[in-house]
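Look at the two complexes coming up: subunit A is in both, with subunit B in one and subunit C in the other.
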Partner chain A sequence: MLTKKKLVLLLSPFYLFFILFFVSAIIRSFITSLGYYPILDQTKISLNNYLDVFHDKMFLTICLRTMVFAIISALFACALGLIIANYFNQKNSRVSGFFYKVSQLPVMLPHIFIVLALLQLLSQTGLIPSLLVHLGLIKSYSDFPLILNDQKQIGIFLTYLWKETPYVIVTLILVLRQIGSKYQAVSLNLGASKWQTFWHVTLPLVQPALVNAFIINFSFNFGSYEVPFLLGNQQKELLPVYVYDLYVQGDITQIPHVMSLNLVLSLASIIIAAVAILISRKLPGGHNGGVR
Partner chain B sequence: MRRLNRYLIFMISLLVILMPLMVIIVLSAGTNWHYPDLWPQTFNMNYVFKMLFSNHELLSSLSSSITLAIGTVILTLVIAYPTAIALSYYDFKGKSFLNVLIYLPLIIPSIAVLTNMDFVMIKFGLEGSYFGVVAVHTLFALPYAIKLLVDNLSVLKNKYELASLNLGASSRQTFIHVTLPLSRLGLQGAVMMSYIISMTQYLGTLLIGNGNFLTLSVRMFPFTQSGKYQIAAIYAIMFMLVTLIPLYIIDVLITPRRKEVRAE
Partner chain C sequence: MTYYLKNLSQVKSKQKILDNINLEIPEDSIFAILGPSGSGKTTLLNILAQLDQPSSGEFIADDDNDPKGIMVFQDYRLFPHMTVFQNVTFGLRMNKVNKKEIKKRAQEILEVTNISELSKRYPDELSGGQQQRVALARALILNPKLLLMDEPFSSLDEGLRKEMLNFVKQLQQKFHLTIIFVTHYKTEAYLLSNRVGILLDGVIKQVDSPRDLEQSPNSIEVAKFLGQSNLISGEIDNDRFQSNVYSGPVETEQTEQGQLYLPYSGLVKIDETSYPAFVGKVLNKAWFGENEQVIIEVNGETIFLNLPTDSVEVDHNYPFYFKKIPKVF
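Up next is the complex of A and B:
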């Protein structure tokens, strides 16, 4: 039934769009990063920009900091989401159905919502310090630790946790429903404990979906601008803010440099995603079982 | 005891998820809310309604949000639907490559994607144009839309289409009477997701739009940054009105359909 003509017809919108906007953007920035930038009369091709990137101490520190932060916050969201999804999936379906609906809310709302609420709740003159003052637990707002715009990125961490844990929950509940409870029932019936059933049956079945969610969360935390811009700390800058500032405020001669940063970051992200997928394949449930 | 525990965990999770929304609702109507008050001194609902329905800036943000979202939904469907049909019905060379390609916009850091794309859009003369912004939103919506459609379409594969063609229906008739009704759930999911993604974009809208498209989420930014929380909260309320309510209605409308499909 499948003719070549039909396949070309089906796939051409995607490839056309993708090549025109996405692939061409990457190729252009690659050419520019090699030093070919006719606007500035630079036409000599070299790898100097890349060598600079790997000697740029400031960039490397920021890059490492952001990467560690992105991995930790994505792991937290995945772990918390896994625990909650597994917990509510066992219970009667009415509660889990309602919870599933509520969990979809954070997925649908932009990050700025939670940023706004956190500013009102947790800034030093926010509601929670006020409550603590009223309760007599702290004397004045200055006793409350700096949580937003702090050096440890707690505010950004909380924002990502609020947005991403529900995403993990929604994804995993969908997978768990698809699997049904038959495997768990068999395992319990054969004498496995609840913990053994979770570890040896449920986890391998949902593991590929969990890893996919991790990759999406990690890439977002690594490369998204708005939250670090609003809740970040200027001394401990995160990567997206650094790159954006260079791109927008820096002069035009910086463009080839920014493009080489971009490509290094993209490559780093792709490598981390590939490693995560490889690990997932090696783990139980990775090669054939499991539902993505 | 166990029951109590379960109830407690459920309530805490619910509170954590809903807390920000409650704070935003109180923020929008409360006036004179200063440290260390735990509750605003006065509420002014009239101000909220006046802002929501007659503030020029807010309404223009609303209209640019919605026109961009509609464009994104259409462009996303035009691209995602045929791709998803090819991926779930047929085997072809380069299928696994395509499967990786689809997710690249989500894997590559968005700051890199956006600055690269901005660079190309300037070259194409699309920076600041409606189509340019819609294209960026579509790029981020595509992975989700294709995934939702593939999940839906690969359950039944193309068995029904083949039966229909065997029985003498034309391929157009088959598409309208078989493929389209069968992929209804996936299409609705893809529409909802691309609508949401377009509505929530910030940096893409600002950078590629060159400041020409001040959507609801873009305008909330400076207000939040400069401490004008009440106005930001009113924008947030408008955002919820135009996303949650329509999506809830769509969801309720398709729920009975879902049971039908399962009963088959």
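Up next is the complex of A and C:
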């Protein structure tokens, strides 16, 4: 058994790293966002930058758009992951085992891989439109619908699904395997149908893991820069791109404002995660955080 | 309603798990299936609970061609995300019984099983005995005609086990249930049921009362499984057995060699009968309640017997007698 002192010592490298790079950065960002920026001789502390943020209609529109998009993408990945994980778990055959292994592949590949793959495949000059033109199914490249850099963010959505659905599958399969079929057997024996068993037994048992996967997916979607930068649409900009663009514009006087945006972005992400956890606790299965 | 298991077999991965099981289980009775781990007990219950399909054979009842037993599992399997009330009413809710009726039946069954005050608790807040009562209530609320119990008392400590055994007996009498329960503890089987089937390697070897099983096992496998017996090797000549321990008439189907079956209890007595057994020296004895386990040396062989307390003294020689002619396998 580890003593408290030993535990603190063992964890100290992590805490040092955490305090040095994360907490200090947050504190510095917060101080700057309050208007304390000595490089520009700004030392007066106020909430003006935050007031500006909440009066900035463009920011609020982009923030809301990004949040809704991140939530919808994460929900879709979770729903799809749940269906596939449940299927893999029930079909315990070699074929489903092979597909389960294959489905893990995207977890290991970076987002940029699928971004580039989508650009190669689905842009209007990509492989699929070329193929369709050659097969005579469409007349010209411009007949192929705009999927990438479109206003509906389909390209970004597909990238998130590609990367995050397998993550949900891997997470849920582990929980489903831990649960096994014992509760399903009880439920069926007590007269429940397969659907009732899934809805009343399996789903609540995996619910905490599913919500955790949702939070991780949402947090990534909400803060991801490179995917919306490469596949997004300028008229329907997403928040990380908007904030980063402001930061790299080179206007040093905007730094405190950018910092306030950054902190609002982080706070929004944390609030959504907290709300998700609270909802999870109130839902069936939230009592003990799932299976013990 | 009598239940019939007819030529029931189960083969999985080319391995025969159950082999031609034939049983007749009358209603309003407790039938115990006793067997070691891996003998096919749970597989058999799963078939009776319609959680599995047999490879061949059928399970039917007098007026039901597709009977289904409600199972109480060894590890209780209470849904961890549901309260006791939700667990108990699960079956009714899934069968879309109206809320008023659910509440009424839940109240009754919670009272019968003495868990009314636990209705808002979650399974991880209950003791083993309480969890078992909830599992029983969850099954009983469905008014099952056939209740299946898979090693129901194996996770309980000794005191609680006896309490639950009596409780199950009371429930059986109150609800006129037909109970089939499987166990690998013979004491449990004997205490709960007066009709026990011995399942070994997927085959029902013998169905008898506990007393008959102990005193007249029909095969060496059953005798060995039941344990608590001495098996003495010897030779047979015209229904007479020859060995270091006993030489005399026996009941046997063997012709040349065999093993004399001497259960610890019931067959060998210190009181004189018409069937003299052997003379032995008491080497040691250990007290356990009304009986003592006595170690006796007979012509260089050691045998164990359970005899009434203080009926023999250590280091003394005694003549012993059989209650009836012994059996040789």
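By our rule, the second predicted complex is superposed on the first by the 277 of 292 C-alpha atoms of A that agree within 3 Å, B and C clash if a C-alpha of one lies under 4 Å from a C-alpha of the other, contacts with A are read in each partner's own complex, and residues count from 1 in each chain.
Definition applied: a residue touches a chain if its C-beta (ideal position, glycine included) is under 8 Å from a C-beta of that chain, and two chains touch if they have at least 3 such contacts.
All of these numbers come straight from a predicted model, not from anything done at the bench.
Contacts of A:200 after superposition: subunit C is touched, whereas subunit B is not reached.
In the superposition on chain A, contact is made by A:284 with subunit C only, not with subunit B.
In the superposition on chain A, contact of A:14 is made with subunit B only, not with subunit C. For subunit A, the partner that touches more of its residues is B, with subunit B and subunit C as the two candidates. Looking at the shared chain after the overlay, A:51 reaches neither subunit B nor subunit C. Looking at the shared chain after the overlay, A:186 reaches subunit C, while subunit B stays out of its contact range. For subunit A in complex with subunit B, the touching residues are 1-2, 7, 9-11, 13-14, 17-18, 21-22, 24-26, 28-29, 32, 84, 87-88, 91, 95, 99, 102-103, 105-121, 125-127, 129-131, 133-134, 141, 162, 166, 215-216, 219-220, 222-226, 230, 239-240, 243-244, 247, 255, 258-259, 261-263, 265-266, 269-270, 273. By the touch criterion given at the top, residues 182-183, 185-193, 196, 200-201, 204-205, 284-288, 290-292 of subunit A touch subunit C in their complex.
Subunit B contributes residues 6, 9-10, 13-14, 16-21, 23-24, 27, 35-38, 78-80, 82-83, 85-86, 89-90, 92, 98, 101-102, 104-120, 123, 135-136, 138-139, 142, 158, 162, 165, 196, 199-200, 202-203, 217, 220-221, 224-225, 229, 232-233, 236, 239-240, 243-244, 247 to its touches with subunit A in the complex.
Contacts from subunit C toward subunit A in the complex involve residues 46, 49-51, 68, 70-71, 73, 75, 77, 79-82, 90-91, 94-95, 122, 124, 138-139, 142.
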